[in-house]
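Here the structure comes first, spelled out in structure tokens, and everything after it is commentary.
Labels A, B, C and D are assigned to the chains in the order they are written; within every chain, residues are numbered from 1.
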Amino acid sequence: MTPDLQEAGTALLERHHQQAVAAASAGGASFGRLMHASEPDFAHGVALYLDEISVSFDGFKALNSLSLAIDVGEMRCIIGPNGAGKTTMMDVITGKTRPDSGHAHFGSNIDLLRLREPQIVSAGICRKFQKPTVYEELSVFENLELALQNDRGVRAALFARLSGPQRERIAEILQLVHLLPEAHRIAGLLSHGQKQWLEIGMLLAQEPVLLLLDEPVAGMTDEETERTAELFLTLVGKHSLVVVEHDMKFVDMLTQGRRKVTVLHEGSVLAEGTLAEVQSNTQVIDVYLGR
Amino acid sequence: MTPAAPVQLLPESRRGLLLGVRGWSAVIGVLAVIAVLIPLLNLAVPAGNPLHLGDYGVALVAKIMCYAICALAMDLIWGYTGILSLGHGLYFALGGYAMGMYLMRQIGHDGNYRSDLPDFMVFLDWKAMPWTWAGSASFVFQMILVVAVPAVVSGVFGWFAFRSRIKGVYFSIITQALTFAGMLLFFRNETGFGGNNGFTDFKRILGISIAAPSTRMVLFVLTGLTLVAFYLLARAIVNSKYGRVLQAIRDAESRVMFTGYDPLKYKLSIWVLSAVMCGIAGALYVPQVGIINPSEMSPAASIEMAIWAAVGGRGTLVGPIVGAFFVNGAKSWFTQAFPEFWLYFLGALFIAVTLFLPRGIMGIKDRLKKEKGVEVKA
Amino acid sequence: MTTSRRSFSLTLGALAAFASLTSMTPAQAADTIKVGILHSLSGTMAISETVLKDTALMTIAEINAKGGVLGKQLEPVVVDPASNWPLFAEKARQLITQDKVAVVFGCWTSVSRKSVLPVFEELNSLLFYPVQYEGEELSKNVFYTGAAPNQQAIPAVEYLMSKDGGSAKRFVLLGTDYVYPRTTNKILRSFLHSRGVKDEDIMEEYTPFGHSDYQSIIAKIKKFASEGKKTAVVSTINGDSNVPFYKELGNQGIKATDVPVVAFSVGEEELRGVDAKPLVGHLAAWNYFMSIKNPTNAAFIKEWSDYAKSANLASKDKPLTNDPMEATYIGIHMWAQAVEKAKSTDTDKVIAAMAGQTFKAPGGFVSTMDPKNHHLHKPVFIGEIKPDGQFNVVWKTPGPIKAQPWSPYIPEDKGKKDEPEKK
Amino acid sequence: MRRLTLRSAFIALAAVLVMVAAPAWALDAAQARAIAVGDGDARIAALQDAVARADPGLATFAQALLDDSVKTTATGVFIVHDDKAVDAVTGQPARLPDDAEDVSNNNRMRGALQTALSGLRLVSPELATRRAAVDDLTKGDADPALLPVIAKAIARETDAGLKSRLERLKAAAQIAAPDRAQRLQAIQLLSNSGEPTVRALLQSRLAPDAETDLELRAALAHAVTQVDGRLAWGERLGVLFTGISLGSILLLVALGLAITYGLMGVINMAHGELMMIGAYTTWGVQNLFRHFAPGLFDAYILLAVPASFVVSAAVGAILERGVIRFLYGRPLETLLATWGISLVLMQGVRSLFGAQNVEVENPSWMSGGIAVTSNLVLPYNRLAIIAFAALVLLATWALISRTRLGLFVRGVTQNRRMASCTGINTTRIDTLAFALGAGIAGMAGCALSQVGNVGPDLGQSYIVDSFMVVVLGGVGQLAGTVLAALGLGLMNKMLEGIAGAVLAKIFVLIFIVVFIQKRPQGLFALKGRSAES
């Protein structure tokens, strides 16, 4: 298990403990998704707003006054050569890395830089890491069941029974991620791509506002890649998605020639526009082919 | 999509009844064997009769059933939660000692020295009971201790260990350190629990002679019922969402944390439960084998528990029980049939199982099923 | 799922079958008498007990060669309780109820004896216990052929206080922390008090089981010894820890002429593992030494070494005899005699017949079974370690002395009957 | 008391007798027999008598008695040195009668003979002999009757150190002298001694009825504290040394595990048995030497070390090939398999060599020790083991961090896929690494055979400790292992001084449990395969 996940996890839990102590009224429910912490306000239609973010690791500028805005329900693809700062950006959004300067807001009211990872998670930002982590020996159905938002307490878990709506919800997600026929299979027996989907499904089950997807089609067959693209497209509108990807074919499928693509380079936005536009952009060409 | 879809989604195997019809009939069958057949064979059938079941057999099965409870407990934490304890002998012994203390008091004045104090205290020139023996005369109180002491010890230890996220081998090793320390502590005569000799030569329980066939049979049946009860409890647990969280922790603890569950609470609760199960097993064990002493806390004893579970099959509930019976049955037979060589058999058995049956005896069937890609967990 | 549930029924259902299997009694062959041998052949105690198993087999073979008992051959049933105390009880029950043995020879540690005791009393069967022990026990169903404290510990300390023993004034009571040393030291302490030794001249020290690092203990002993009067060490360290203890002793240059050590659990077998040269002059108290010169012992040693060769034992190149072996040997012979006398193997008849049995022991004396207290009257020898790991007998009692299982030096024992209460 | 006057009598007379140079043999058969056989008192009386007559044959004869090389018959007394009999009376070679019996001495007799001899030796020409004699006398209690001899010895003594010790002997003898000045001088002299016996002596003088003069009592008290100061140093150093010595042993038993478990993540429960095999190998080598090269016996250890390494390594390699390689990445299952292996190995040794311990004799240069102070002896075998541990550590470290093999091992254990991509034959490396760990265990066993039991369950008693050390040190960290081993060793010994051996061990274990709470990864955390899992 990856240490960074570990960190995030415990941090999240500490936060929950505080919650439990603080909100006596919350009672057993203190382990639910803590939306009541501070509801983001999307009145202005902006889901995520990064402003002049700079991060430097001992001298090397990973992010250089990066500014970026993602609308509610928007799907944004982010491309760029290695070392362009894509992952660092994700780290900043999820609170894993603190920027040296700049602002990052979730909705119009939540300053991400003042929240810790778990708070960010509970505010509605979910991140999918490259390596799929699912519960190998549980069935697909059970994987989702555990991800479904509800009371996380031990007592509750002991006597929990799925309600009709919850089952339907799971069924929905299963259908969404093309795993309905696999519902009863052990997750460990799924193909790599299916695991990716399952994990995405698990994220969806947590009903995030913003999904950060780090190279979601890494190691997928073309056919799987296509279906993943379809899946993401169905999510557009319901959630905001930020997809970091190298695979141009995939990006093309997602953007369908009209959605915005952002090109990162040396820690700042090099170009923005449709895939066609940015691909014809000379600077971009230099960046990709020049060296 | 059709509203029907979700309904058929229910994994029947995990929902509804605890057991299917066949399962229940099996359990009832077992209950009948334990509570009716064996008592009859042992008590009603005359000794000469080939059908007669000797006290030795009864005692042996009773002992193994106690072990089976431990194996079940090990399975819950190791097989399902992925925490290997090499120190559950400690909890087994603690339960045993709690029971033993009561039995020592029951000896009353029939000891060597006709004293209120147990004989070993008289040896050591003690004039009064140490505080640890305060409630030892009361059956109820000691039975509470049988549960409470393992619960508290495991609770405290577990809370610290899980909170500081000690994992895998590290955890196993310090559980071993703990039980080893416990063993040394109980070996000390000053500790006040009979030192190396521990407790023995029990006379009666609840005023009834402990050697009487009827008493032995009652204890036997009690043990059997406890085993079945724990089996059903364990089954209920792994079938619940709680049980699935445990398995999730085993497979990807970080993800569990990241989806908002608190592994600490889950691990701790199952850890304490398993400790208590061992404690109760110990309490049932002592009056039937007639002795409790610190060697029950030796690291080797705890490792054997793990081995029962492994041989039978981790991650299945029947497996550990099978394992306990298989290993100990084999041991009892070998130690008489080949006193010089039995360790070879036992050693070879462990090696073979880990190499060829990673899922233990139950794994043989499971493997066949797995090839069909069918869900295999029990 | 279903399969596992079926196997649940299968297994636990087969439980009855299993149980009745274990209870299938091999019909006792009419022409043999079965005798059980209950010594650990594996685990920590195997070191000491294995050889007793062989001694027993040897003795039984000897008796069989002479025509057996009551005209029947003896059939030994060997089991391995594996140094596991509960297993001792289980195996005892097995021997008695399954194999229907007439008698059991076995046990070494007190805890194993205490573990089987209730079984023998419940099933009214016989146990012969061949090892020196702390006393404080007297069961109708047990015959103790080893030494009681007054047949080993007390004479040894008396010797140390004597002129020949170096007139020791201060004593270190050093032992492994379990019941035998505790009780023995308790007895010795009050014995020493009775001889006017003050508490400040007695140091009591205990080490854990299998303790292997005696540096600091020996440092303590040196310090204590250097505080004046002649000091002696009384060691009840249990068998296995003696090697590291003696090695350290030798290397720290404690000579027997400075601080003599007398041990109660160190015999020829224990010294097998030690280079005895630095230990010359340290003492041991036993009821038998291999080095005792008399025809009976010579024959005993010969018989043993022949047996070791014929049975191809690991020790055949250096066959050693020791006190517990002699005790086993005596015990089996006395039992055989008692059976002949009682014309039956019935427990109570044999117990009655055991009273006053005599046997010419390799120790060179005629050991007598006390008419009442189930212990042997035995001579006490004190030997000094020789460079070859043998003992040089420097003192012995004029004749056999009666065992006192209830030590007069333990106040609680006042007025205890010197015979088992009939149960 | 009788003993003392007796001993002083010897020494006085013995000294005299050395003055009178006499013919070598004058002991007659009857007297020789009287000294050699009979009950203690009679023999000592006879010995005393012989000394009284300044019998020149005595020295040789007494020495012979001490060496247990005297045999007697009804008539004759013989001194036998490597089966060449010499008539104790005439000193002429003689044929030893078949009925000749060994003369055996008990401690008391040996003591008496020893005293007689040291009396003679106090004025011997060899410095070493004299020193030995002084040592012997210093061990005993002071006695005024010694004064004349000591005085003579002092007069002749040339060696300064020895002279001052003799002075102290003299002082000790004078501590109760009637003359106050002498007493004072004695006290002052003794106050700069470091002898435990002297301390006892001074202490005894402080008894109410012993020394009455207040000033002198004060002086005595002062002297006692001074002596105590010196002794205290011996004790402190003692604790330190024992701690280090225990630490070195822990280090040896843990080093192999640090590789098999630390680097490779194999919970090797058979580690102890690999040590046991090493110890038995040592025993085997020793026996070979005893049979084929008794002359070189003291050198057997030099061959035993590599032998035990090779044998254990071979066994280790077989285990790795046969069992363990199928279990990589499943550490908790290696635990079960290796547990089974350990059972088999133990029983195997039992069937082969018997359940009893086997005798491993220290090479003579390893028995005994150096007396650093009067109350601190550093046994050679412990010193040797400390040095040995250091060497093994050095070698291991060099191997792991300085050689290609070590590089490969680290590579493979940290990321086997990557390693195999770079063309390393991972399976071979695994085998080698495991064999290495096993071999080191074997050498540890060889070392243990010099301090403790060699028996089938030798390993069992160390397995828990070795795991504690590795875990405490931080898996895969040699430095951590070293620190942990020494730390635990010292801690254990210091606690042992305070709380006794049993509690000390308990405390140490509890400490480990608590410590791991604070540092779940041990002293030195490790990023790598065996850290997680």
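Note that in this section a contact is a pair of C-beta atoms (placed from the backbone, for glycine too) under 8 Å apart; a residue touches a chain by one contact, two chains touch by 3 or more.
Small disclaimer: the values here were computed from a predicted structure and weren't measured.
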Of A-B and B-C, whichever chain pair has more C-beta contact pairs: B-C
Per Cα centroids, the chain farthest from chain A: C
Nearest-to-centre chain - CA centroid comparison: B
Distance from chain C to chain A - Cα centre to Cα centre, in angstrom: 74
Approximate Å spacing (C-alpha centroids) for the pair chain B, chain D: 46
Chain B and chain C: spacing of chain centres that average the CA atoms, whole Å: 35
Junction residues of chain B, two or more chains touched: 165, 184, 187-188, 340, 343, 377
Junction residues of chain D - those touching two or more other chains: 346-347, 460, 502, 505, 532
In chain A, residues with contacts to at least two other chains: 1
Chain D-touching residues of chain C, taken from the complex the two chains share: 41-44, 46-47, 49-51, 163-167, 177, 205-208, 210-213, 215-217, 219, 222-223, 226-228, 240, 243-244, 247-248, 250-253, 256-258, 260, 269-270, 272-275, 277-278, 281, 313-315, 384, 386-387, 389, 392, 394-395
Partner chain C, residues of chain D touching it in the complex: 3, 40-41, 68, 104, 106-108, 110-111, 114, 139, 196-197, 199-200, 203-204, 235, 238-239, 241-242, 245-246, 249, 346-347, 350, 352-362, 367-369, 371, 375, 377, 379-382, 451-457, 460-461, 493, 496-497, 500-502, 505
In the complex with chain B, residue positions of chain C that touch it: 1-9, 11-13, 15-16, 18-25, 41-42, 78-82, 84-87, 89-91, 93-94, 97-98, 109-111, 114-115, 117-119, 122, 136-137, 177-179, 182-183, 186, 208-209, 412-413, 416
Touching residues on chain B, where the partner in the complex is chain A: 1, 3, 5-7, 9-11, 14, 165, 237, 240-242, 244-245, 247-248, 250-262, 264-266, 269, 315, 373, 375-377
Chain B - residues contacting chain C, complex: 13, 19-20, 22-23, 25-27, 29-30, 33-34, 37-38, 41, 50-61, 63, 112-113, 115, 119-120, 122-125, 184, 187-189, 195-198, 200-202, 211, 228, 231, 289-291, 293, 295, 316-319, 321-322, 325, 329, 332, 335-336, 339-340, 342-343, 362, 365, 369, 377-378
